[in-house]
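Read through the structures below before going on.
There are two complexes below, and they share chain A, which is joined by chain B in the first and by chain C in the second.
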Partner chain A sequence: MSQTEATEIGAPRSPRTFGSSGRSNFELYSWLFMRVSGLVLVFLVLGHLFIMNILDGGVQRINFAFVAGRWSSPFWQVWDLVMLWLAQLHGGNGLRVIINDYAERDTTRLWLKAALYASMVLILVTGTLVIFTFDPNIG
Partner chain B sequence: MTETLDTPLDHAPEAGAGLQRRTVTLRIRRFNPEAGDTEPSWHDYPVEVLPTDRILDALNKIKWEQDGTLTYRRSCAHGICGSDAMRINGRNRLACKTLIKDLNMDAAITVEAIKGLPLEKDLIVDMEPFFQAYRDINPFLITESHEPTRERLQSQHDRDRFDDTTKCILCAACTTACPVFWTDGQYFGPAAIVGAHRFIFDSRDEGASQRLDILNDREGVWRCRTTFNCTEACPRGIQITQAIQEVKRALISRRV
Partner chain C sequence: MPTAPAGTLYRGREGMWSWVAHRITGALTFFFLFAHVLDTALVRVSPEAYDAVIATYKNPVVNLLEVGLVGAVLFHALNGLRVIAVDFWSKGPKYHQAMLWSIVTVWMLLMVPGTYFMLQHTISAIFGSA
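Let's look at the complex of A and B:
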């Protein structure tokens, strides 16, 4: 690394810095995660859409009792939980990458990312909460 | 200069209608800060050419006969030195490898500097950030083991592994065609990754893990969105996107 630190980049763009922030595999794992979660999501989301919209009666039969019935089984709880987290992290990471690509000013990038992370946390927390604390008797 | 260039063409046997001299218009994006320009602007230059002439010939004719202030880089004129990459009709190409007959001769042919690097004058950009990215990946043989008494031998098979990426002439057509580089000049860019690939997959080189670490950076290979602009732009026909993917794969498996 010493060679790269010794040399300096010319004026127009700020100099490239290694070492301080660079030494992490974060981008590698994020790239891998997108591939793996994408594959799993194809299966989960298409399955979800098929069950909800096409299978006996389709969307007409969905009501409170139907949802309550599904979430009484741990299988559907886990399915929905995994789908929620994967979709949220996959989409959020995708948006993070897009913000990195297109937001040129540092402050714009900061605020866009802050809004993105806040909305991700909000949705993940409320979604997870509902799946685990759902009470079929309030109806 | 013009005489010597024109003489053989004038005496060239007429090979059908294809070789009629005709006038085409070059629409060049001029910028001269020394003359007080604050913004680049487009100017039309009608120039008489043979359809088999190259854009570089047309530029030379304009510079020699119409406007000596037109500024561009060129050296070998044979697609080897990599100094005359420019954006011709919206695509990055080498002016010395682009035949006029391959473009639409009835409309104005646009010629502008490559994008994403700071414009200095007319068709000339500051290439320093581009070369710096190339230097950053340590583009030289790195070895740790004992030096052999004679040359470092390599099998044909091992050589074929990185043959494609040895063809790079550092023209910057790829990096300045990349939309990620346009918005983020810190990205290493395809050319630097091609340069790294050439050594990472060289069986004689022992610096692979060091280069992989450098390209694992936030601004390294993971910024690549497989847009394929680089592969389309490369005048040497290097499969750049594939090379970048191979580096990604090597990073994941840590095997080359």
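Let's look at the complex of A and C:
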């Protein structure tokens, strides 16, 4: 081996670079995202469940007027929007891993993931539109 | 493609079963979220359409399912925090079992009063208000 071809050794723990091999650090970032989004979701999701199901009569007091009252405040709009996106990306990424674990045939994996990603787009678009276009005077 | 896995990594006990429960509760919550965003979207149709779908949540049987959903999400959240501690805290792997029994205890302490408040109306509707 000539001197000019010496292997380059990066700093410890720096992300690997795979050059033209077509691989990436996607799984590392997805692993990290599950943990960071999980931390935020603890507050958003448990807060949501507490308010909606336990506080002040729980689910029995929920109706259109209740939703209209909450979404008149930007605070709850932002809460619900962030919760929608984080939960959908966190849960969707989790399901991607589950599909990879159990669906052994390439075509099965392909179709299950196509259905998963389609459902994620549907829910993210619908949910976001509903929060942004909510009209308390409808009907 | 191999048709049977060569050996197994499943090791049983607390580590494996908490992972199984984490996976089932996570997937279950994700499927519920699909239905829940669509039922909430009825606020864009009419107040009547939304109130009609919300009425199903107030049904005693569905109310019981909600307790199950809250229990599943609460377990997933607490166990998720435990997984994060195992991954990032230097003593996490050493205390993973103690942490599991701690979160199971916290889960029970929260679920007892939580179940009471969630079912309060259903119980008085069935057995008459005392």
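One rule holds for everything that comes next: the second predicted complex is superposed on the first by the 115 of 139 C-alpha atoms of A that agree within 3 Å, B and C clash if a C-alpha of one lies under 4 Å from a C-alpha of the other, contacts with A are read in each partner's own complex, and residues count from 1 in each chain.
By definition in this document, a contact is a pair of C-beta atoms (placed from the backbone, for glycine too) under 8 Å apart; a residue touches a chain by one contact, two chains touch by 3 or more.
All values reported here derive from a predicted model rather than from experimental measurement.
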Touched chain A residues, chain B compared with chain C: C
Which of chain B and chain C A:123 touches, first, second, both or neither: second
First, second, both or neither for A:102, with chain B first and chain C second: first
Chain B versus chain C as contact partner of A:25, first or second or both or neither: first
First (chain B), second (chain C), both or neither touched by A:39: second
First (chain B), second (chain C), both or neither touched by A:92: second
On chain A, positions contacted by chain B and by chain C: 104
Interfacial residue positions of chain B with respect to chain A in the complex: 117-118, 126, 128-129, 132-133, 135-136, 138, 179-180, 183-186, 210, 213-214, 216-220, 222-223, 225, 248, 251-252
Sites on chain A touched by chain C in the complex: 35, 38-39, 41-42, 45-46, 49, 53-54, 57-60, 62-65, 67, 84, 87-88, 91-92, 94-95, 98, 104-105, 119, 123, 126-127, 129-130, 133-135, 138-139
Contacting residues of chain A [partner chain B, same complex]: 1, 3-4, 7, 9-14, 16, 18, 21-23, 25-28, 30-32, 100-102, 104
Chain A contact footprint on chain C (complex, rising order): 1, 23, 26-27, 29-30, 33-34, 37-38, 40-41, 43-48, 50-51, 54, 57-58, 63, 66, 70, 73-74, 77, 80-81, 83-84, 87-88, 114, 117-118, 120-121
